[in-house]
Amino acid sequence: MLNYEKRDGTVYVRLDGELDHRRAGEIRAELDGLIADPSVKRLVFDLNGLEFMDSSGIGMMIGRYKLMKNRGGSVAVMPGGRRVERIMELSGLYEIIEKMA
Amino acid sequence: MLNYEKRDGTVYVRLDGELDHRRAGEIRAELDGLIADPSVKRLVFDLNGLEFMDSSGIGMMIGRYKLMKNRGGSVAVMPGGRRVERIMELSGLYEIIEKMA
Amino acid sequence: MKTVNEMRLDFRSRPENEALARMVISAFMMPVNPTLEQLGDVKTAVSEAVTNAIVHGYRDRKGLVRMRAWLQEDGELLIEVCDKGCGIENVAQARQPFFTTMEGSERSGMGFTVMESFMDSVDVVSQVDNGTIVRMRKRLTPALCLMRDA
Amino acid sequence: MKTVNEMRLDFRSRPENEALARMVISAFMMPVNPTLEQLGDVKTAVSEAVTNAIVHGYRDRKGLVRMRAWLQEDGELLIEVCDKGCGIENVAQARQPFFTTMEGSERSGMGFTVMESFMDSVDVVSQVDNGTIVRMRKRLTPALCLMRDA
């Protein structure tokens, strides 16, 4: 159960609850079905509703970034809470993925 | 930290959170200080805010009932949620303590 | 019957661990989406058994309480609460409503009765000076098809 | 240093038990009134260590993960996460940021880095084919004078 919106070639995903290794696997499975559609050019993760994230979330986002990049698409992130952002910064993810204001 | 009100010889106690053996001991200690005052003639427990209660709550209420009865006072209960009331009924407490509407 | 998930929690006989045991059993049940009703019933029964281990088994002395739990494929939850405390001389008597050996401490004698009322079955095995095991079962619906097997 | 409370949780190497371990460590900390900040930090570190035991230690095979925790009188929390899995050949290398042996599974290699960042100290003891122990410490304030000793 992914909370998303598809509009003008962009998939917006609003992540919520606890993003751990278990949940990352579920998100990946659902998301890869969605972005298999070649008209999808951009993927946006909204982390604002996340209550918890560990490094499994980083792995999941890097994986989707590679997929999108391989086909000339892009990935962006709308930042989450303090601890989530600390993990994002630790991982240097914002050096390769756009951080939206 | 007991949520109570003292008015016209009656002490109203609004129980909240989880009433287990640990909490029952705390409530007892605080309450017996309060009702040590001889002008207190009636003790009312409001169970409506309780999220959890086990049989330790029954023991605590029976104990206060005995104290109040010994000095010619009375005890009443304003009922709580479904599971709390099931325990109250199981214990037959309403056969000795007044149940308020 | 196949076990889908299992856990074991050991903790000290301290009053604050009554709440710990309740939270742990809730968290253990969570993946099978129990109803609030079932969660509340099981938490209440666990609270009674753990309190008994602390209050009666160890009589407020230091000791370890063990809670084990199993989720079975058919949707049944099994819980065991064990202590290595003083044990129960007469289990049948102890299980009677209102029977308590701790009048002074304001125990109501309703612990076993509450466990029986909220669970499908309650078994008690006890030996004087050797401790007590309380085994409880409750069928949770819907069945465990929601869980992947690992 | 005197231990005020302690617990041990054994559970199967199943993904849903990552959430179980996080909830249990939160519940264990609760009596000392941790800040939300501390709760979140510790949950994150525990999540990393437990996920590693399941994903790397047991490589999704069946096994038992053990989490132990101690609260010390001076307000320090100790946590140990153990598995009897494959072990780590080179611990120093494994702790490097971005190092992972599971590229295909989308692990980021940031697990140990996150643990180090959120806890005061992280020790890793591991033996190939014998398993791994991760020991973490974090000072919680205010001190434990709030707790009665039992």
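Letters A, B, C and D mark the chains in the order given here, with residues in each chain numbered from 1 onward.
Keep in mind that, in the parts below, a contact is a pair of C-beta atoms (placed from the backbone, for glycine too) under 8 Å apart; a residue touches a chain by one contact, two chains touch by 3 or more.
What you see is a predicted model; the values in this text were computed from it and never measured.
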item	value
Rounded Å distance, chain B centre to chain D centre (Cα mean)	42
Mean-CA-position distance for chain B and chain A (Å)	52
Length of the line joining the C-alpha centres of chain B and chain C, rounded to whole Å	26
Touching two or more other chains - residues of chain C	15-16, 19
Two or more partner chains touched - positions in chain A	none
Overall pattern in which the protein chains touch one another (line/ring/star/complete/other)	line
Full enumeration of touching chain pairs	A-D, B-C, C-D
Residues of chain D defined as touching chain A within the complex	15-16, 18-19, 22, 40-41, 43-44, 47-48, 51, 54-55, 97, 105-108, 110-111, 113-114, 117
Chain A to chain D touching residues, read off their complex	18, 20-22, 24-25, 28, 52, 54-56, 58-60, 62-63, 83, 86-87, 90-91
Residues on chain D engaged by chain C in the complex (per definition of touch)	5-17, 19-20, 23-24, 26-28, 30-31, 60, 62, 147-148, 150
